[in-house]
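Heads up, the thing below is written out as structure tokens.
As written, the chains take the letters A, B, C and D, and residue 1 is the first residue of each chain.
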Amino acid sequence: MNKIITGEDYINSLKNRKLKVYLLGELIENIVEHPMIRPSINAVAETFDLALQEPALATAISPFTETRINRFLHIAQTRDDVVLQNKMQRRLGQLTGTCFQRCVGMDAFNALYSTTFEIDKKYNTDYHQKFKAFIANMQSQNFVIGGAMTDVKGDRSLAPHQQVDPDLFVHITKRTHEGVYITGAKAHQTGCLNSHWLLVMPTIRLTENDKDYAIVGAIPVDAEGITYIYGRQSCDTRSMEGGNIDVGNAQFGGQEAMVILDNVFIPNELIFMNGEYEFASMLVERFTCYHRRSYVCKSGVGDVLIGAAATIADFNGAEKASHIKDKLIEMTHLNETIFATGIAASYQSKPTLSGAFMPDDMLANVCKHHVTKMPYEISRLAQDLAGGIVVTLPSEKDFKSETVGHLLEKYLKGKAEVPTEHRIRILRLIENMTMGRNAVGYLTESMHGAGSPQAQRIQIARQMQIDFKKQLAKALAGIEKDKKKILVSEISDYFGRVFDVNV
Amino acid sequence: MNKIITGEDYINSLKNRKLKVYLLGELIENIVEHPMIRPSINAVAETFDLALQEPALATAISPFTETRINRFLHIAQTRDDVVLQNKMQRRLGQLTGTCFQRCVGMDAFNALYSTTFEIDKKYNTDYHQKFKAFIANMQSQNFVIGGAMTDVKGDRSLAPHQQVDPDLFVHITKRTHEGVYITGAKAHQTGCLNSHWLLVMPTIRLTENDKDYAIVGAIPVDAEGITYIYGRQSCDTRSMEGGNIDVGNAQFGGQEAMVILDNVFIPNELIFMNGEYEFASMLVERFTCYHRRSYVCKSGVGDVLIGAAATIADFNGAEKASHIKDKLIEMTHLNETIFATGIAASYQSKPTLSGAFMPDDMLANVCKHHVTKMPYEISRLAQDLAGGIVVTLPSEKDFKSETVGHLLEKYLKGKAEVPTEHRIRILRLIENMTMGRNAVGYLTESMHGAGSPQAQRIQIARQMQIDFKKQLAKALAGIEKDKKKILVSEISDYFGRVFDVNV
Amino acid sequence: MNKIITGEDYINSLKNRKLKVYLLGELIENIVEHPMIRPSINAVAETFDLALQEPALATAISPFTETRINRFLHIAQTRDDVVLQNKMQRRLGQLTGTCFQRCVGMDAFNALYSTTFEIDKKYNTDYHQKFKAFIANMQSQNFVIGGAMTDVKGDRSLAPHQQVDPDLFVHITKRTHEGVYITGAKAHQTGCLNSHWLLVMPTIRLTENDKDYAIVGAIPVDAEGITYIYGRQSCDTRSMEGGNIDVGNAQFGGQEAMVILDNVFIPNELIFMNGEYEFASMLVERFTCYHRRSYVCKSGVGDVLIGAAATIADFNGAEKASHIKDKLIEMTHLNETIFATGIAASYQSKPTLSGAFMPDDMLANVCKHHVTKMPYEISRLAQDLAGGIVVTLPSEKDFKSETVGHLLEKYLKGKAEVPTEHRIRILRLIENMTMGRNAVGYLTESMHGAGSPQAQRIQIARQMQIDFKKQLAKALAGIEKDKKKILVSEISDYFGRVFDVNV
Amino acid sequence: MNKIITGEDYINSLKNRKLKVYLLGELIENIVEHPMIRPSINAVAETFDLALQEPALATAISPFTETRINRFLHIAQTRDDVVLQNKMQRRLGQLTGTCFQRCVGMDAFNALYSTTFEIDKKYNTDYHQKFKAFIANMQSQNFVIGGAMTDVKGDRSLAPHQQVDPDLFVHITKRTHEGVYITGAKAHQTGCLNSHWLLVMPTIRLTENDKDYAIVGAIPVDAEGITYIYGRQSCDTRSMEGGNIDVGNAQFGGQEAMVILDNVFIPNELIFMNGEYEFASMLVERFTCYHRRSYVCKSGVGDVLIGAAATIADFNGAEKASHIKDKLIEMTHLNETIFATGIAASYQSKPTLSGAFMPDDMLANVCKHHVTKMPYEISRLAQDLAGGIVVTLPSEKDFKSETVGHLLEKYLKGKAEVPTEHRIRILRLIENMTMGRNAVGYLTESMHGAGSPQAQRIQIARQMQIDFKKQLAKALAGIEKDKKKILVSEISDYFGRVFDVNV
């Protein structure tokens, strides 16, 4: 296969693969042309086109190949690399109005890069070297990588090895000289069908008894033994109705599927962890650290929704009301908070032992935690500005109908100079983003992706250095008067990074 | 036609009417059997069945006919009548999980009852008498009444008579000895197809130049000249897919359509306002006063969603986590706030000149204003408890499929003792209520029904008696020391009701 | 002593008592004339004057004496009695801008009334009869009653009998034929010095080992063995500086003190529980049920603060800005939510076995829970409208100074027609209510009085009938299809009251 | 005078100045030893001591003198310089628990540096050169600079030249060959008495008629013609009572005074704007841009309050309750949001024409806007954790009293191993920060400093590029399909900075 360059190349690269994909109870022959799937492919294709149009933003020079590569395949060498991820993510959110599905792979790449380094350091293994070779290969082809982490989990109160059905977490079922075979299922796999390779990783902290679950490896999306079952989304079948209005955003959408692995083979050279169970938590935590601040993308999606809300206010002739303006300001304030907290995490990045840079984990969690709330409030305000018509609008077919189309044209007229269809299109976009297909990505995925709200609270609790803060209070309350002030260079963990003078 | 008694009678009463209804571009022959429409009919049918099962809650003795009638057709004779409306509304919200569409008619009946009384008092007209006759007739048949108020409005900055197209507000186009002809369109008409009669009313404050718009009258739903265009709802076509899982709530739904009136005739005896433009605002304000506190129904719907969220936590084995319990408490706290503020408005009812009781307008607005926010937060928390699976779940057809059904059965297993299908059903109910069909009623209708948030803020501002409060502050600040304390009996308006000792 | 009629009578009745009161390290001879204490006495005096001015609001006919008595001493005979408590409380909040300290006694009276009835029913004791006699006596004198519940508690993880120091909860130290002796301390005693009698009650659920702690009795405020230590409040000493501006609210304030009981005697006829430990929780829960919705008073205080904020906006010439108006609306919306949820609890009152009416416990908790947040937000908005000057204003002495007074007069001028002193007075009132003396009552007491926020969440959890709600959800999800609908008359607890058709 | 090095040097430098300072109606001879003033001096002294202990954090190399100087006197040469300001501010917030008063001068220095550069560029004046000389002089002495911007403003609806009294904004009253004389008053002057020099600046956008108001210059704090009137703070006189417990934070406090200028002379070489009225808005906007993100200091103060809340939970034995831990997490989440949004603004700094770096104005406003709310919520939660005792605690004098001290020791005991005095000290610190002296800085100054909430909303509105966002929405809605995608390098203003690839 030739190296993928353009979005079109990418779309072509997905054709003619032998995948077992089920959707609405049927086996899908051609995912590329399926109207329910295509918008999600288009969204990934934007990551290629952006790299061509904006190389400084969306590409980087690979330290492994010394060639220019897509930033989604790049290991962050500097703090600026981490920051530029966020900038690229916001721009892609603006251009697609949805999830462009390539961040999981990017964040998995970076997390695994430093984790394999540290496994090797401890065990003298060669995972890091093998992983670098894999990265270089992916970069040379410009492939899309899916990060397959979330297991289906079964009974949440039991560890992997304790489950009645051992397959409820992906695990090794057979070991040969050539490699291993794995079985299990990964849920909510964003963009999996649109990827070329999957990086399979454990999803939680593991113990010695879970050794067979401590497996990381790369498998091609069309590997033998994989079945994909496509997830339903709100209003998903509208894309099969033939029009392009009621879908709201005709071009772009997200994708999530369940990936079922039935004795899928991973050859030795593509195995990057194999039994080193104590590193599972490091991998998960580093992945979520990168990924939680990757939700800066939602500020780009938010830009679209704010724009849509402002547009419908214009079309309704209500744009000058002070409460309308005030709501747009509030939406912006919230949206920029997502951006600011995420990019602050990126700017506060520090190098790992491997040299790759990693964002600040506290601020990454603060960012993601806002993302579990603010898009919902932005969405609520967008519905406020839209008016009730956003949920009572007749169908595109009625608008196009010879019998009643003219009635709707007459009675849905807002401002004289605005075509009724434009008003309807913006309303359908708002519906799409607040309760339709892209609400899945903008809202519910914002809630649960990279960990549900409580996961962030736990991580914030771990890092909040409450003892350090108690010392501050006790000193000022006169309880501990004579303590010498601690030097900032002696402060560790989060506050060590806060007060790191090497900005 | 025989008097309608049961829900089944009601459903039968809707058959064989000659309506011009368009849905997805097609003329619908039989609305009763249409899978997209039927759930909304079922919801109205519940208002009949509840009256049979719970007469004390859902019926009353008519002062006009001295027979027992459905409470939705009753003019509130006492404060308790107003309170019992709320209790009935919450119960119906619990039983249907959606909008049961009969409140608009009830609230229009009550508002128009006292308004016609006051028009007659001023102009010596006979609207009130005619309206009482109409009410008695409706009661004797147990008909469903739709209140048709919201015009399409065109350019929001222009009065009705100023619009380029005069039809953008419903108005009289012709007057004869027998009655009047009206033209225009009413948007977002909740339950209109499911009604037997429509009460057409103006939607805003009118001035002398808008006299032709000051028309109130009753028309049968199947009157000549009416075209209905059915509104799309999120995920609406799922009800046409054949299953009963993916729809989430297979039995009940809401309904909103656009009603287009093309020279529809109203005979004199069914005209209840005709040119008395200065009473338009009284009618609108009284209607919204009743209707804003009718949103107590959403606390009943909220009960269902809280129950669904608690159930999925059980099914996931997460019910003991303190943060889960805390979120259920928060949802309850919010939900009961809706109930409490609404029922407080009802309890603080006062009689109008006509003798009919009307809720407290300040508290009704406080209630509705919470309704524009709290269901969104309850919904967000429900999605939090549901987990990401609520938006990535494969289709019912996949679950039922011979090829992959067993895989989903295996991998979507939660707690051992819970059937996988039950888990899926609850997840689909949560999807239905937070982004699917019933999210339309639970969220967006909560935002915009009975007036958008800003409408409540304006009404709160009108009633907040800021001068009275300034006096209180000035007295305590020592600015106005010598003022004698005002007697509570001398306090008027809202605080007059607050301090009314005749509880 | 003559029966107390007027506020002045009341103030006189406090003179010449032999109390051991410590304040700022000194024994106070004359609490009535002490400038730091007097404002709290004035606030209680208002409860007498209001009864004279507004008998319908602030008095009732005693069923025991058949004479007109102050409502604070009345046992609620009807739902309307409970509602009128709230109306009276809001009015007194408006008139004093602070805590008028008489609700604890009223709520303790009512809670103890029904609890003694139920103890007697079980044990055939005569507490209820004795308590009625005590009530009649208090009514005949129009005394002020303090309810002494909150123990100092020591180590929160230990039960009363487990504490190293047994005195950390009030308990019986000696029993004689004539009565019992008690020792311990009650913290945060609102208005205790301003009362004539204290009702001592346990503060938590007790077990068999805590029998000596299960003591309820009445003691005169000047009983032998009591020491009072007055609590400091923010800015308390300003009242000793001589002016009347910097204090903000010169006339009224709150009062809280610690009451230390050293072998204080209670004669048999004034003992209303003695060892029936299992009724301690009933007493506490009924008291908090009444008391949590008594915080409706804060909506009256909120009226003053909203008025002050509106006034300062006027004085600054900023009253027409849309954001100013919008903030006043928001403050009102929040303030009325407190009122509405509280009065809804009162309207939903039901009779206890004793015949006395008790508010709805769920709604009472919803009310109080809002009170732990909304006054803080109202206060924040008041500071927003006030401008920074509210915390940088020079002192009254500077304004009155010959040297610099004219400079302040010149430079603190706002609108030409408003005297500078008026502007300063309103600013000082806002300071008083948001961070000064009356912020203690308006904010922190709103947080912790009648139980801290978590106490309400626990009580809401107890009453939220989550299983009932799960059934609603399961029915609509199609999990439990064939269940017959439950009759509302078969629903118990909270929803039993919600759907009680005997409004 | 020798160069100031240590905090002690600084304190000495304030002695023996001839200032006219009024406080509580009296002329203060010695501000340094005045117990109400000294804590504010101590807070400034910390900025000197920190520079000694943490030179990398709190000093920089001056480009003008090439020597190491205090960072508060440094003109930001790089983005890192801007970021390090924030890091230093958070640390000082942690160490003092209050406002350390030196940021206004730092931010004024930086804003004026670039503004004078741009005035000179337009008018060929020499302000920039003169200002650099002034800076070098201040650096060589390590002086404290106060930025005097906020005029008293009089009638807010009138421009400076329209006021009845022309002195309500500071203006030139006389011009001579040697310089100018100015008259007027500056309100809310943080740390003015603790400064050595004041930079007088206009406070609003000016027009041609306001030319006499377009004056910027430096004056020594002890210049002839200045009168200072000290602002009262909540609980201010506690510092005069003799103890060190009830004050809460005995060592540190803030300071605000009114500065009245009566024909104060500014020599030509210290004039940095003189009539170039159109640059007033540039100066104000740049100053607020720096200053709004300087409120990152409040995250340091927040660290102390979170520590105090955690400590009191420990002392009460409540630290293990899940709701306690959850509230500490929430406080941290809010507190870190302040930090993250502020430091994001600093990291996104860009150079001005003068070469000095300036933060991102949108993000600076987002930061400050959060600061107007989040400290209030953190404060509310701290009061929640503290318990009601925080406002009912008896006085230090009672604790120390021979008569009742032992009773308080006994009854205020919490956990056995914690000295009662420690518990009291932490409670007093919480009172101090949430309603006492340092609440002035932590809350009300957070609300109004650097502009009240509405000022930030206006600035966010100016920068939100709503047309750009509308384009994004229209493109995705299919309204404007054929538009070529704009290059990020062609995007200007805020999004130009967002997408600037030169990180």
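Just so we're on the same page, a contact is a pair of C-beta atoms (placed from the backbone, for glycine too) under 8 Å apart; a residue touches a chain by one contact, two chains touch by 3 or more.
Predicted model, so just to flag it, every value in this text is computed and none were measured.
Asker: Comparing residue numbers, which of A-C, A-B or B-D shares more than half of the contact pairs of C-D?
Answerer: A-B
Asker: Higher C-beta contact count, A-C or B-C?
Answerer: Of A-C and B-C, it is B-C that has more C-beta pairs in contact.
Asker: As a quick test, compute the distance in whole Å between the mean CA positions of chain B and chain C.
Answerer: The computed centroid separation for chain B versus chain C comes out at 38 Å.
Asker: Measure off the straight-line distance from the CA centroid of chain A to the CA centroid of chain C, and report it in whole Å.
Answerer: About 51 Å, centre to centre.
Asker: Specify, in ascending order, the residues of chain B that touch 2 or more different other chains.
Answerer: Where chain B meets two or more other chains at a single residue, that happens at 323, 326, 457.
Asker: Show me the residue ranges of chain C that touch chain A in the complex, using the header's touch definition.
Answerer: Counting only chain C, the residues touching chain A are 322-323, 326.
Asker: Along chain C, where are the residues that touch chain B in the complex?
Answerer: Chain C residues touching chain B: 53-54, 56-57, 79-80, 83-84, 87, 90-91, 94-97, 244-245, 248-252, 303-308, 310-311, 314, 325-326, 328-329, 332-333, 336-337, 339-341, 343-345, 347-348, 362-363, 366-367, 369-370, 422, 425-426, 428-429, 457, 460-461, 464, 466, 468-474, 476-479, 485, 487-488, 498-501, 503.
Asker: So in the complex, which bits of chain A are touching chain B?
Answerer: 22-27, 150, 152, 154-157, 164-165, 167-168, 185, 187-188, 227, 229-235, 237-238, 241, 246, 256-258, 260, 316-318, 321, 323, 372-373, 376-377, 380, 383-384, 387-395, 397-398, 400-401, 403-404, 407-408, 410-416, 431, 435-436, 439-440, 443-445, 447-449, 452-454, 457
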